[in-house]
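We call the chains A, B and C, going by the order they appear; numbering starts again at 1 in every chain.
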Amino acid sequence: MKPTSFWAAPILSLLFFAAFVGVWHFSTQQTLGEVTVDPEYAALIGAQAATGGQSAMPGPLDVGAKLWEHIRDPFYDRGTNDKGIGTQLIYSIGRVLIGFALAALVAIPLGFVIGMSPLIYKALDPFIQVLKPISPLAWMPLALYTIKDSNISAVFVIFICSLWPMLVNTAFGVASVRKDWLNVARTLEVSSLRTAFQVILPAAAPTIMTGMRISVGIAWLVIVAAEMLVGGTGIGYFVWNEWNNLSITNIITAILLIGLVGMMLDTLLAQLARAVTYKE
Amino acid sequence: MSLPNPFDPDVKLHRGGCSCGHHRNQAEHDQAHAQDQRQQQDRLVEGAVMRALFPRDAERRRFLKTVGTGTALAAISSIFPLGLAKEVFAETNGPLEKTKLSVGFIPITCATPIIMAHPLGYYSKYGLDVEVVKTAGWAVVRDKSLAKEYDAAHMLSPMPLAITIGAGSNPIPWTMPAVENINGQAITLAMKHKDKRDPADWKGFKFAVPFDYSMHNYLLRYYLAEHGLDPDRDVQIRAVPPPEMVANLRADNIDGFLAPDPVNQRAVYDGVGFIHLLSKEIWDGHPCCAFAASREFVTGMPNTYQALLKAILDATAYARKAENRKEIAAAIAPANYLNQPVTVVEQVLTGTFADGLGNIVQDPERIDFDPFPYESFAIWILTQMKRWGQIDGDVDYAKVASEVFLATDAARLMKEVGMEVPTDPVMAFSVMGKPFDPSEPAAYIESFPIRRT
Amino acid sequence: MSQPFLKIEGLTKRFAGTGGSPDFTVFENIFFGIEKGEFACIVGHSGCGKTTILNVLAGLDEATEGGVVMGGREIAGPSLERGVVFQSHALLPWLSALGNVAFGVRSRWPRWSSKEIEAHSVRYLEMVGLGAALHKKPAELSGGMKQRVGIARAFAIEPKMLLLDEPFGALDALTRGTIQDELLSIVQATHQTVFMITHDVDEAILLADKVLLMSNGPYAKIAEIVEITMPRDRTRATVHHDPQYYRIRNHLVDFLVNRSKTYAGEQGDDPVHPPIVRPGLDGGARVVPLTKTPATSNQASPEPALRNASN
């Protein structure tokens, strides 16, 4: 078999991208027909409506231009309800990180306890099984009602959706630490604390990191929806605000950026996971 | 202008809605005045004194014309210690309990006074630092208000009633010190129904309204019922957040909606729907949105509450004037507020609009702004809530109405900012030609053949 | 020398039967002793409970009845006094070879500085020939090297006794031979007391001073204690030249192949004093202990005599 060039995959990627953009461009391209209504009336309605049609999907050029516009000035501030997309992304990432960190603070110690004690595992398992499949957004009304602060509620929703994968994975990782390693620690009279930190934690770390990676992915998915619900700030709010304006161009731009940030978060945790992974 | 000079013979103090005429640019004028709050307050006191001395405008004008303004001021001062009165007023007005406030709004043209008070500087004029926060939907506005994240908020006028009597949430005493706007809604239908203008042909339609506890819901139900359609059986009505209405209409998920503007105009702008009927054709002068706050806020922070309400009233008075509408449209269309094309907002506010069928319609009263919370409005809303089964059991209509719709406060403060105040907080009116007697709410409900009671 | 250094007394392991079925007894009434500096191998078929006995010695498992006394004290739980080399090497994969050894050393001497710990660990790794692989992770080491790290870890804590659970079972024959030699030389140099499980008869003969033969389970017992009467300075290269070698080997293989199955119940031996045999010596077939009652004073007497005879 001939070895494929280093550049083969990137070139293919570019080709796919070009093909996608091309299809997008030509399928959304609309030639404006004759204006079918009188000019005075036409001035009051959208360009597409004036020719008897409906406003159309934006093409890649529109989106590109909009994207550039946002990237050029990502942190503008034109009042409480109109801030740059960079600011909105920072709000969202901030909420995700806070909720995620809080979840980690709860899930990892609790997961340790559950993983190490079959009794507690059995006692808590029904709760976890019932709570785990609940859509995080279903918590939103309850959170708003009890916490009485939409910002904290959004963070709470992130917390709750990040919690389960980390909790379950930590418990699983801790429970499946090789008996031999624990025996080594026991025969060496290693204290429980040192065993927890120097044997169980590193042994379970790859599993825990996998849980964290799943969690941050879910958290990023959920924050957009949560912010669309509570509004105020964040990329979800941005999408909602532009949806309000029916500005599909802005929405596609935001979708692209949401994807990019999601990928960055995932890559970051993948790097961390690689750092703690060991080969047996 | 909000605070007319009472010593100007050309100014009519008792009938609001008139400009001082000294300035060409109204915004400039108002902002210049906003700079000096004390001066404004002095004017208020002078105005109050003049009104007290001359209960009828004609007399005051005659007096001023005869003796001249300067003489009048001196003459009045000699018999009435104006300076002292001004001091007393400033004191009784008291210090503000809280100056940094958060007020929520939904991005629709009904919110105009709440929004406009911000760029026009009315909030700062009364010493308030108000953040107007765009909110995703009515339920969120309600929840954030209940959570005290908002000190006050833009609500649908049925919402304070619903919150107070506990429909849809736990009962918490809520108040509605001012109506935001009257009229300004419309029934929009999908383009494919442009030949089905008779509601009798609408069986099986799916309609959207912004919220269950909304004038939109009650007006649509009323309209359909008057045309013999049972809104619960012959059609489907569901609550859809306004931003999603146009998209749903476009996607053919709904056949039409009774929605706040600019949603209707936006449907026309995007070529997906046409305006079948303005809500004023169902009930001319109906209230729609409201400025609402908890009773706790009203009684716990009376000075802040009054300052906030006065700012809103000023903005309402400003928005009421037809000549300001274009400027308002340009001010509230950007992303920070409504996030809509300017022309869409302008068509709504000026009343010169494309109807989606190729006609340019002119109706300057398509939307109007009148802050007075008539108690009879509340009673009518309660009758409709009862009629459609949103409230069980007996309701003391008049009591709830007077507790929630703060007509007395509104009247006093409207007077202070120089607006015309109706004499009776209970006003009879007609909806689609059928008269409503606020003193007989139960009989009114019984008079409808289609109802859930 | 009235008491052996390590004394196993009446060790029994039973698992409670589930759902009314009778209890399952893996082994019962295990009695034996190991002297200080002695190398004991235990040989028997799978399932006879060898690993359980080792785990009880390590303090990782508990016997149903009976107990273990080491240096005059009853064993309760794991201790740094007994180093364990695990069958599966059980290295912590995220630590380097050095890290694995240092992990134990730090536990043994918590007051030592990192430098001292490192120097001590390096010394033991060099002893097993891993001076060049100090910073390699277990995954980068061959099976033999991993087991060497395991041995270094156990030796480095300088335990009073070493427990080896079939440490070379997973290694290829060549590697096994090399490490056996290394182990032999270290043990000879340090006079370490060792208890080791093995399946490999040759390994037992090469390394051990005595071989404990276990009959098959259930109800497994110590059937015989075989003394390896060959001189202690054996090497793998020369051990099979000794005329005793094949006699011992034949005896052990014969036990494993034939007698281990039928042993239970056939013999009327006193479990407290399993018969001691010296198949290596001429005519030294079977030696029945002089006394059958577990009287301390009497029990000690035959042993010095036997030792003398072997030399």
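Here is the rule we use: contacts are C-beta pairs under 8 Å (C-beta built on N, C-alpha and C of every residue); 3 or more make two chains touch, one makes a residue touch a chain.
A quick note: this is a predicted structure, and the numbers were derived from the prediction, not measured.
On a Cα centroid basis, the chain most remote from chain B in this structure is C.
Measuring from the average of all protein CA coordinates, the nearest chain centre is that of A.
Centroids built from CA atoms put chain C at 56 Å from chain A.
Centroid to centroid, with C-alpha atoms defining each point, chain B and chain C lie 92 Å apart. Computed from the mean C-alpha positions, the centre of chain A lies at a distance of 40 Å from the centre of chain B.
Here chain B touches chain A in the complex through residues 107, 131-136, 140, 143-144, 146-149, 242-244, 246-247, 250, 266, 268-272, 334-337, 339-341, 343, 347, 353-354, 356, 358-360, going by the rule given at the top. By the touch rule above, chain C contacts chain A in their complex via residues 58-60, 77-80, 82-84, 86, 88, 90, 92-94, 103-104, 107-108, 137-139, 157.
Those residues of chain A that touch chain C in the shared complex are 178, 180-181, 183-184, 186-190, 194, 198-199, 202-203, 205, 276, 278-280. Within the complex formed with chain B, the chain A residues making contact are 37-38, 40-41, 43-46, 48-49, 52-55, 78-82, 141, 144-145, 147-150, 228-232, 237, 240-247.
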